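Here subunit A shows up in two complexes: once beside subunit B, once beside subunit C.
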Partner chain A sequence: MTTTLTPPPRGASKRAPSRPPVSARGSAARGRPGDGRFVAACLLPALALFALFMIWPTVSVFRMSLYSWSGFSAQMRFVGLDNFTKLVDDEQFLRAFQNTVALLVVVTVVTMGMGLFLAAVMTRQKLRGHTLYRFVLYIPNVLSVVVIAAIFSAVYDQENGLLNGTLRLLSLDGLQQVWLGDQKLVLYSVAIAMLWQSLGYYMVIYMSSMASIPEELYEASALDGASAGRQFFAVTLPLIWQNLRTTLTFFILSAVNLSFVLVRAMTGGGPDGASEVLLSYMYKQAYTNSAYGYGMAIGVVIFAFSFLVSLLVSRATRREPLQF
Partner chain B sequence: MTTINKSGPRPGRGLTHLLVGAITLLIVIPVGWVLVASLKRKSEFFGSPWTLPEGLHLQNYVDAFGGAQMGRYFATSVLVTLLGLVFVLAVSVPAAYVVARYEFRGKGIVEVALLAGLFVNVNYIVVPIFLMLVDWDRALVDVFPDGFFLDNPAMLSLVYAATSIPFTIYLLTAYFRSIPGDFEEAALLDGASRFRIMTRVMLPMARPAVTTVILFNFLAYWNDFIIALTLLPGEGKTLQVGLLNLMAAQKAAADPGRLYAGMVIVIVPVLLLYALIQRRLIQGMAAGGVKG
Partner chain C sequence: MFRKPIVLAVAAATALSLLTGCSGGDDNADGKKSLKVAAFEGGYGRDMYLQVIEAYKAKHPDVDVQLQLSKTLEDEISPNMKAGKFPDVVVLPQGRKAALAETLVKDKALEDLTGVLDMTVPGEQVTVRSKLADGIVGNLSTNPYNDDKTYLMPMYYAPTGLVYNKGLFAQKGWQVPTTWDDMFKLGDAAKAEGIALFTYPTAGYLDSFFFALLADVGGEQFYKDVMTYSEGVWKTAQGRQVLEITARLLSYAAKTTVGYANEQDFTKNQQSLLDNKTLFMPNGTWVVGEMKDAPRATGFEWAMAPLPAVNAGGKRYLTTIVESAWVPSGAQNKDAAKDFVAYLYSDEAAGIFAKANAIQPIKGIASTLPAEIAPFYQLYEDPSISALVGGFGSTAPVEGVNIKGTLFDTANSIISGDKTVDQWQTALNDASEKLRQAGK
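After this line comes the complex of A and B, so read on.
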């Protein structure tokens, strides 16, 4: 890339060949001698950092996945696809994979459903105080995941937690649970924390895209006797469909990540691997187990998985874009 | 203008109000509870979680700032975040400007690479970054026997900056493109240099976009703990990693007050900032719409 940053030949601007460069639209400085040096000086620092700390590490993930390497020793043994064949028999890995998929499906469906509902209610019914609601609902999105993990650890605490304490107060002692210590429950507890974190963010996005739908469409459909529910499915949803698709893709990418940071800070994957997700298992293999090659093979699976899911979702939700 | 919605009370409106209010309470209560609990004495944590503290037990904050070193971690976090913002703006503003306004060979590749970078989450690649820094430290062991790259807050800032380059350039480029070229033409006729046009003409006009970028990157740097945990394994921790340690210590020592005070120390600056700039944050999010 670095050698291609030469200035374009003078007058090579295809869009306005007959005009002097000064009047070329949107680029006052196009085609002056010395442009190349300026472009390079502006671009190279950013590209160098980007290449060093993003492209190269990404390539490394793929390269290292083909080696058996215990970290700091110099011995790196090429093992081809062995790491990947081992993965298929690794029950902990399969469990982490299942957990990731379960969290993705449940959290995505619930968050988007509730986010859409809230956004529709807030924009259509013009609830009094909706800016206050929006302000509050967005708060979790600015909090760090460590804080959220700490909050939920306190809420879920077995002895003095908000949840069990409240249940005791209501004489519902029978419903008390070890929210983060029960293998069957822990994943739901994590899912609720994820929902709590991301609901406001998606609501705000949908609110802004719903706000751009012209009021006449609703008036017309109301004259035709459409109920609020019918309006939502016949008018709102089709018109924000493209926006919905985009957020779905980003949701999946960020949920893979959020599930990890939350699990890392809140449960550490426990109890006994019951809340382990793909990325946390990758970390465990790399740092705790010093199986760097194996860990990076998991990394490759995560890359491939999130890419494939995004692609499939994008394909499955493709519709003719509607204009208004 | 009359809208259908205002033309009469809708059935079910009270119900939706109730529901939205309930969901809002579910967000407020845990956060508020932490704020209140940070003022409780140790003995007040047992029994009902809904009791208010009898007095303002500020000793928790003294313990958190001093004993748990949250004050020191706070300073590290401020330093790392500010430095990261300086780094990312210094390299991204010129790059975004050039991508938006100049034609050069390889531009297509650069744009595609940066766009692909939007999809690479930092947490996927921290392990190789960590190993790379370990390698560099080992190579320079004669010059810096104690290591230079790991446990170096400036290095952490640099990694933050580097990994947020795709998002930053994406947002800034879009904004630069939306500014009409007339201003640059006028400046060019006045004999301004390219650098001067960029810094004195375009940068001031791009201020809304720069503010948005600063906000999102501030939150990302301030709130990160995975990279900080990996790249600062020694004593100099960031606030988030410090809080993580406090959580682990609290499990053993059963002294919740200090932990709650620590949480408040982490929450309050972000909450204040959010209250001040929430409108811009939400607008910027709707415009950028990519940062999760």
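After this line comes the complex of A and C, so read on.
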């Protein structure tokens, strides 16, 4: 197939949104008779797979949340919204929900803040050896969760761990903690592991978008007497705003999953449920407690919650896109 | 330009092949009966199953045994089971996270195996029932609905109790306490030397501790009442006494216990015993193999004791872990499955299992025990010690209620002071009551 599209001149794409001429668009859409069916036929396998492995399971989760079912038997009992009303009275569930929200807020804010700061420092300040720093910060992202759990088990070890060992070395013995055994601390210990794992990834994304901001904007603002801080807030941040919004939504969704795998490998939700998160509680209810329908109801809550938070974040951060 | 019908046909064929790719046939082309056996590959290793299957095949050339062995067995067989394709025989410990056997029990989706007890062991002249040790069937672990029907056949059994270092006791001239008063006196003496009295690998290991303590305090009937959620059982004086003894013991726990009581670090709690930093922990025979490469104090020697008695001379119980073999109701070849299960109790199979330290509850097996684990099993020979088998009874699933979690995990909060014995008792009473109502 050929089209009559020709790329617009390079200069034009910088300032104005690139649109093909109307006549060219029309001919591409109309095409030759039969093309539409060919396209549909090509899309069919992918659509079938998508429906089978994405849409159908999602619908199933919603359907099964209305049943009392162990997961295996043929006896599924329809209970309507009973599973959801039980959730409201389930203290363990509420605790897991609180923990998830706390992790999302703390880890998102800190990861995004530090990621932006580090990216700005590395792109703007031309640090010596910044490629090495970037490499070092990015490594945790390619490690498997089991490895991360093992590393943090060594860091948090209450007797000869890296953290308590360093505190002893600095004669700060009073600050030593049982990082994974103290119910008030354990969630933050998990949060730090999550931060460590994802910081490098977001930093690299921000660095790449910051690198594409034209240098003359910084030169101009420097001539106007803007400090590095002012430049960050007045030039860098607005110009990577769209990128930031995308990563924020992306991060919220992935943090829900990451918190589950890390909690499962590091603490198992303990001690005594202090680090339980929604997905780990869902797993325990659906499988260990054989309350599959109830587990699916928790799944629906997670789905609705992630969806809602992403939507709110997306709405709250909406700005007129700036182009350079 | 492509021809439309060809394109559509190719697209449809692609989609169809993707859908049908997962399914496969079950039947054997050469007319052999096929028997699907799924077994958990645990601490006993995989060789024993391979050898037993070979031995069975040699006797039954008309049966094609397909063995599925895995460390994550539930993850592998569950999806097929949900799709209606069941293995014929499953050998799997209970009390695992995925709780497959427990779920099928709640679902009433297991085949009644009472008949297997009266089958003649293939190749021998005796029935399965006559070979089994006394009292090993007929409890909640084998007859989960508290009636006379056996659904789970006991495969391997292992005593669990307080594991300690015999060498340390000899060095210090300490006696293993037989009453709780002596236990706490020993705790004070050990504390003076910087040794903690007690630890647990994770709170889940307290199952063997609690089950025995319940029976020690209130007798077998009280234990059964707790396991079957008798009304107000946790509000009784015995229920309270169990929690108070435990809370007092936990006040002697090594201070590192809670911080290491997770799946990543639990071996560090076990290590504290090998380092002579702690005297006792609840554990089973498998700990010997699990810690075989770990460094240890000089003169270290594994030993196990039952829990101290509540009153001097009182009866003491040893919680006995039993792994089971069962047949799902959905299995295709139930007769072949039952024949195979009966074969698992033959002298031939038992010999192969015992070599891998997997000890079956068969009369007279004590004489064939490997030397390193024999002392653990010798505890049963003491007339004042009885084996305690079973666990919490099965009910329909109750959303949000996990009585094992309430009973065991709260220990972490008792040590750290986040919960009191009163709160513990109330939570247990609530959970037990909800399960009682679901079990009606």
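Convention: the second predicted complex is superposed on the first by the 270 of 324 C-alpha atoms of A that agree within 3 Å, B and C clash if a C-alpha of one lies under 4 Å from a C-alpha of the other, contacts with A are read in each partner's own complex, and residues count from 1 in each chain.
In this section, a contact is a pair of C-beta atoms (placed from the backbone, for glycine too) under 8 Å apart; a residue touches a chain by one contact, two chains touch by 3 or more.
Since this is a predicted model, take the numbers as computed values, not measurements.
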Partner chain in contact with A:I151 - subunit B first, subunit C second, else both or neither: first
Which of subunit B and subunit C A:W179 touches, first, second, both or neither: second
Which of subunit B and subunit C A:S254 touches, first, second, both or neither: first
Subunit A residues touched - subunit C or subunit B, whichever exceeds: B
First, second, both or neither for A:F233, with subunit B first and subunit C second: neither
Touched partner set for A:A265, first subunit B, second subunit C, both or neither: both
Which of subunit B and subunit C A:I302 touches, first, second, both or neither: first
Which superposed partner A:F78 touches (first subunit B, second subunit C, both, neither): neither
Which superposed partner A:P45 touches (first subunit B, second subunit C, both, neither): both
Residues of subunit A contacting subunit B in one complex and subunit C in the other: 32, 34, 38, 41-42, 45, 49, 52, 71-72, 149-150, 153, 159, 265, 287
Subunit A partner contacts - residues on subunit B that touch it in the complex: 3-6, 10, 12-13, 16-17, 19-21, 23-24, 26-31, 33-34, 37, 45-50, 90-92, 94-95, 97-99, 101-106, 109-110, 113-114, 117, 119-121, 123-125, 127-129, 131-132, 134, 158-159, 161-163, 165-166, 169, 177, 180-181, 184-185, 187-189, 194-195, 197-198, 219, 222-226, 240-241, 243-244, 247, 256, 259-260, 263, 266-267, 270-271, 273-275, 278, 281-282, 285-286, 289-290, 292
In the complex, subunit C residues that touch subunit A: 1-2, 4, 7-8, 10-12, 14-15, 18-19, 78, 81-82, 97-99, 102-104, 106-109, 202-203, 256-265, 268, 397-402, 405, 409-413, 416, 418-419
Subunit B contact footprint on subunit A (complex, rising order): 1, 4-8, 13, 22-30, 32, 34-36, 38-39, 41-43, 45-47, 49-50, 52-58, 60-61, 64, 71-72, 114, 118, 121-122, 124-127, 133-140, 142-147, 149-155, 159-162, 165-166, 168-169, 196, 198-201, 204-205, 208-209, 215, 218-219, 222, 228, 246-247, 250-251, 253-254, 256-258, 260-261, 264-265, 279, 282-283, 286-287, 292, 295-296, 299, 302-303, 307
In the complex with subunit C, residue positions of subunit A that touch it: 32, 34, 37-38, 41-42, 44-45, 48-49, 52, 68, 70-73, 75, 83, 86-87, 89-90, 92-93, 149-150, 153, 157-159, 178-183, 265-268, 270-273, 284-285, 287-291, 293-294
